[in-house]
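These notes are about the structure you will find just below.
Going by the order they are written in, the chains are A, B, C and D; count residues from 1 in each one.
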Amino acid sequence: MTRPDLGVGMVGYAFMGAAHSHAWRTAPEFFELPMRPRLRALAGRNVDAASATAQRFEWESVTPRWQDLLTRDDVDLIDICTPGDTHAEIAIAALEAGKHVLCEKPLANTVDEAERMAKAAEAAAQASGVRAMVGFTYRRTPAVAYARRLVADGRIGTIRHVRAQYLQDWLSDENAPLTWRLDKNKAGSGALGDIGAHIVDLAQFVSGDRIVRVNGMLETFVETRPVEGVASGIGGVGTTDAERGPVTVDDAVAFLARFDGGAFATFEATRYASGRRNGLRLEINGTEGSLAFDFEDMNVLNFYDATQPSAEQGFRRIIVTQPEHPYLEGWWPPGHGLGYEHGFTHQVVDLVTDLAEGRQPHPSFADGLSVQRVLAAVESSAADGGWKEASG
Amino acid sequence: MTRPDLGVGMVGYAFMGAAHSHAWRTAPEFFELPMRPRLRALAGRNVDAASATAQRFEWESVTPRWQDLLTRDDVDLIDICTPGDTHAEIAIAALEAGKHVLCEKPLANTVDEAERMAKAAEAAAQASGVRAMVGFTYRRTPAVAYARRLVADGRIGTIRHVRAQYLQDWLSDENAPLTWRLDKNKAGSGALGDIGAHIVDLAQFVSGDRIVRVNGMLETFVETRPVEGVASGIGGVGTTDAERGPVTVDDAVAFLARFDGGAFATFEATRYASGRRNGLRLEINGTEGSLAFDFEDMNVLNFYDATQPSAEQGFRRIIVTQPEHPYLEGWWPPGHGLGYEHGFTHQVVDLVTDLAEGRQPHPSFADGLSVQRVLAAVESSAADGGWKEASG
Amino acid sequence: MTRPDLGVGMVGYAFMGAAHSHAWRTAPEFFELPMRPRLRALAGRNVDAASATAQRFEWESVTPRWQDLLTRDDVDLIDICTPGDTHAEIAIAALEAGKHVLCEKPLANTVDEAERMAKAAEAAAQASGVRAMVGFTYRRTPAVAYARRLVADGRIGTIRHVRAQYLQDWLSDENAPLTWRLDKNKAGSGALGDIGAHIVDLAQFVSGDRIVRVNGMLETFVETRPVEGVASGIGGVGTTDAERGPVTVDDAVAFLARFDGGAFATFEATRYASGRRNGLRLEINGTEGSLAFDFEDMNVLNFYDATQPSAEQGFRRIIVTQPEHPYLEGWWPPGHGLGYEHGFTHQVVDLVTDLAEGRQPHPSFADGLSVQRVLAAVESSAADGGWKEASG
Amino acid sequence: MTRPDLGVGMVGYAFMGAAHSHAWRTAPEFFELPMRPRLRALAGRNVDAASATAQRFEWESVTPRWQDLLTRDDVDLIDICTPGDTHAEIAIAALEAGKHVLCEKPLANTVDEAERMAKAAEAAAQASGVRAMVGFTYRRTPAVAYARRLVADGRIGTIRHVRAQYLQDWLSDENAPLTWRLDKNKAGSGALGDIGAHIVDLAQFVSGDRIVRVNGMLETFVETRPVEGVASGIGGVGTTDAERGPVTVDDAVAFLARFDGGAFATFEATRYASGRRNGLRLEINGTEGSLAFDFEDMNVLNFYDATQPSAEQGFRRIIVTQPEHPYLEGWWPPGHGLGYEHGFTHQVVDLVTDLAEGRQPHPSFADGLSVQRVLAAVESSAADGGWKEASG
């Protein structure tokens, strides 16, 4: 069997660039893909840094200009791994050039950009079958995908409560360095767009419902930080005598929310929860059962089935590594856990499969826009202290 | 050594009546009390039911009228274990009669009642050294008391986040019976006053700070329920063809909050969190560390110390049963856990000690009033969707 | 309804004396007992100490001679809470005097004593309907009793594995004081008889099977310790310059075992497992499911049901506080956990009920003897390094 | 900087073949390796299956004869991923041909083979600097490597107890299929050599001590199974009417052990622990602290520090994903967990680094032989029921 190639061009080479590169290489190792990804070209303004990443992951070529990718015949798809301020320009140009697009989250830094991107995606899909997808990879953690399946199968009944938290602590030291993630021009927002976006997407994905109203608050606890570069934009150790620059984004966000299906919800995202390294937590309570997930124990889904006899009820610690679980057919025997980067590999599997079958991959740019609207409503609500409609 | 007696009269005989009766008998078994509690009289309108409780716990006498307790010379303290609508009348009368008062939480069903009670308590204290205390017993769970000690000792630094939840599920079945706890006239409110009051008190107690502003929402998911009596007011199995009556209180509440010390906080209380039996959870994140508690694992406090070397950091599962821990000097060897009712026993220990030493016990009626004001602000906020001042 | 009295005389007043006294007072508070326990007399050689205990728990009288209890008409039952070297003499005398007996575990310090006690118990039962019971109270932890029920109901199928551990750490400091529990003359053995006895009894009780062969090893890590008294015999802080006396018992024991039902088993008991305060753990794996219990989380039973679909399988964290669970009908609403001493209260409930109905309570002296034979076989095996038959 | 190539030839293409292939490709993506691995040739008797694996992982060539790898100049290292019965022949031939060898565990199926391999490895090292390593990859789980570091740094003091278990459940269904892992000729032994070998190696590695005496038992619960192939040799669903063949290995093993440093130890390995998917557990208790690890929560090490004040002591849940932790400098930000296959990647990193620096990699064939001797002593002990020396 000969499979067609899928030529990939990537923009960006840092934390997300490494995660995506590895995924493009790993997906065909463990899954039967209908197309073989080819790592054609990596674009990055800092050519030395881009070349180092290219060498590690065996990208065939490097260019300082992302625009070069658009005109290459051997590039079918543009994978955008840059900060949010550049997403709209690159994605729209790529779609107009007839390239499929995979764009890291958040889709954009503003609703306006996100709307233009969603419009471009829809136009491209209709004009030429070109597809666009946004990279909320936590959906593809097997435990999360399995949670979605249980909800869709009606196993927890009508949803009463959604409780979502994304707790990190890499800013709790007031001398942790200033990175691009703390710069509103680059990142759009702070905890809100970086990690809050994930829990908004996950809560909507797993519940199958949409957030319709929000009421939130934002906080910036530490207003200046030492100016030092950190590649991933996360972590690092600062010094007390360094020059300090202003933090222009939120450190923490919390909001109340209502879903269209009636669920009563709370959300919180922060980088100041000392001791919580990557505590992405989602709990959903329904009339027939509950689900609870914490990324710090990422191979586990806790499932409570309220239909069993009272004496036997309890949260069941399901280790989501059985061959019947989502994505697990490609991996190891039961109990041999997966890690963070597997979500990116699964993203490639789903995307390549959808492209080969001419289907719209998910989350689409429209899904990304819906998250963006929630984030904007939270910001607006935080500004004047009242409820805001989240949908548009 | 002969100890003076402390004559106790109790009003109410159900769930709380049993918990308090047991505590009066148990405290002198395990602790050196400066006064010996004597269970003089139990008052209850339903004399048969009251007599049954009296016999089990060896109360010396029973009366249908609580007013009878006020005139007995051998009664020094009135312990009020009735629903919230009766608290103000009984407590104020008792204080005016020169009796000490221990009043179950919430202090009252309205801020107005609570203010009158606090005023009566202060007047009685000044006039005759009579003392009044409100029964937020979760403060006296050893793990919670130890959490307070760690915060007071500065072990978690400046508090950034407070995250409080009280998750129960005894109403998630829509045919669970209608009890007095679902009747606004008796209970004042639902999840808000019954269990939300606990987390408001605990969060203020452990942090040492006060809530200053709130922004909340309330929900009643199931509007009618089968009319059937349940003694404790909690749980029971209803039937689908029973006559149904209206639920007049909230089923769930959530609110954002700000503390006077700068903490950024979220609160949620519900009786619809399927699978969470008594999930009273408090997490506090500070600049130097964090604390996490869940009543479903009540002998444990999780403590994260951010001042230790990075590689060694982690939440420490402290089993709070060492002799150095609060209240543990009276109990068993390490690892031999305590249960729910121990909080009531510790309440008796602290109260009797304070009375003997002429000190104001805590939480005082003023503390109970402060909780009441937060609850009222949440209700007001939920009504019009904006932030409200919580203090008065 | 008038209930007959059950006159109780107790021998011993320390750790176990307090636990039993509390239980005799508490059982009738929360359960409908067919007889009312009356705390007639407490016997203890140290009259001052015994009087202090008697006053705390309201025993009606105190005597320095346990023999005085045998001749009192108002004493129906002798409760033996002394170290193991005195059990045989007191229990046999009590049975011959026509008194029921509740005897703390281990039944005796030697198989020979245990055999004489079992014989006396059987003779007394036949002669006069007098009953004898040994106090393995962990059987009456609700989670353990519920585990037994699940096994008896066939919920885990044929048992393949039993894995039992009792991990404490109060001797891991080599200067922890020498107590009577480290004196072979008083205690018979160390970890083996004190805590190993508990896991032998629990494993046989929950599995419903008997240990038939063992192969074990013993160790004494620290051979001398500071000579200082500790009332409970557990814990305490020693000093480095105190006079030291010899430890004459084992510090740790481990053994392989086979059950008559075919189970393959491992047992370990130690007082040197740093950080494990009271880690009594039992895991049983069967063809249809598994059960896991740890006393450090004593209100929880973990149950794995292998008959459910593969993707949904997982250990279920059952909080054993539902009204359907063993002993819970007398206590609090769901999620309001019980503590260590509740096992003693449940022991009183079961014992009084059995006495009133003329039934043999369990564990009987014959059950206690069977545990003793396992312990003796382990000692014998450790001495020469081979397998030994455990039954007699 | 140009790095020399390291030509790799691999024998075997199934479960371990995939894990190793992925590791050879992934190591240079995330770590600065001193040599660049080149996937020169894959050998497998079933050429179609071998070719499929080769295509997925981009091996440059395929051959049905492993002997072909020995004569290729562009192959510097032979990676042996076949069942244990072939290890000795291939490894010795490769070493004699001057190739480095990485050999999957267990080193061999018999002590005799292992001795010949260790001798060949030593001879090759002296003659030509060729190196041999055995693949106990669990050592390279970051939490395990960090545990070793803490022990080596003296953080838990003198070791009192080692408690090691490897609990799986893929055979608890008596109709699970017969695979090569259940055939003594292929696999040498069952749970003993497959998973027991891992805990023997880990316990010796983390403690830094050697097992000197053992006393064990073996069991085969199910004596015949349906004859059906399963590639990985693990798992699969059998049918009740299939032809059945004999199981010729042990299903479960348990043994008592003593270490040369004085530790008192228990070991258990089974494939019948229903609900335990890959429960590789190691707990070590020392005079100054304890460590506990469970592969089902593989990114976590629980550390208890007995030198802290009593009230603050508790097992600390360290998420082993900080940059300071072993192997983490190459990966993701804190809390972004690793998975099972990362151990293989780390193995490549360590091996390539040692080869480049002319150092002996660990575990060496001598280390593998020491594990083999323990396994043989356990088998011998199980045969006659007594203690056996484990070292040779």
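Rule of thumb we're sticking to: contacts are C-beta pairs under 8 Å (C-beta built on N, C-alpha and C of every residue); 3 or more make two chains touch, one makes a residue touch a chain.
Chain by chain, the UniProt names read as follows: A, B, C, D = Gfo/Idh/MocA family oxidoreductase.
Here the structure is a predicted model, which means the values were calculated and not measured.
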Given subunit B and subunit C, the chains that contact each of them: A, D
Reference subunit C; chain at largest CA-centroid distance: A
Subunit A-subunit B separation of Cα centroids, rounded to whole Å: 42
Subunit A-subunit D separation of Cα centroids, rounded to whole Å: 35
Centre-to-centre distance between subunit C and subunit A (centres being mean Cα positions), rounded to whole Å: 54
Subunit A residues counted as touching two or more neighbouring chains: 276, 313-315, 319, 323
Subunit D residues within the subunit B interface of the complex: 146, 303, 309-319, 322-325
Residues of subunit C that touch subunit B when the two form their complex: 15, 18-19, 21-22, 25-26, 28-30, 56-57, 168, 170, 232, 234-235, 276-279, 295-298, 319, 321, 323, 332-342
Partner subunit A, residues of subunit B touching it in the complex: 156, 160-161, 163, 165, 167, 169, 172-174, 215-217, 219, 221, 252, 254-256, 258, 264, 266, 268, 270, 272-276, 283, 285-290, 304, 306, 313-315, 385-387
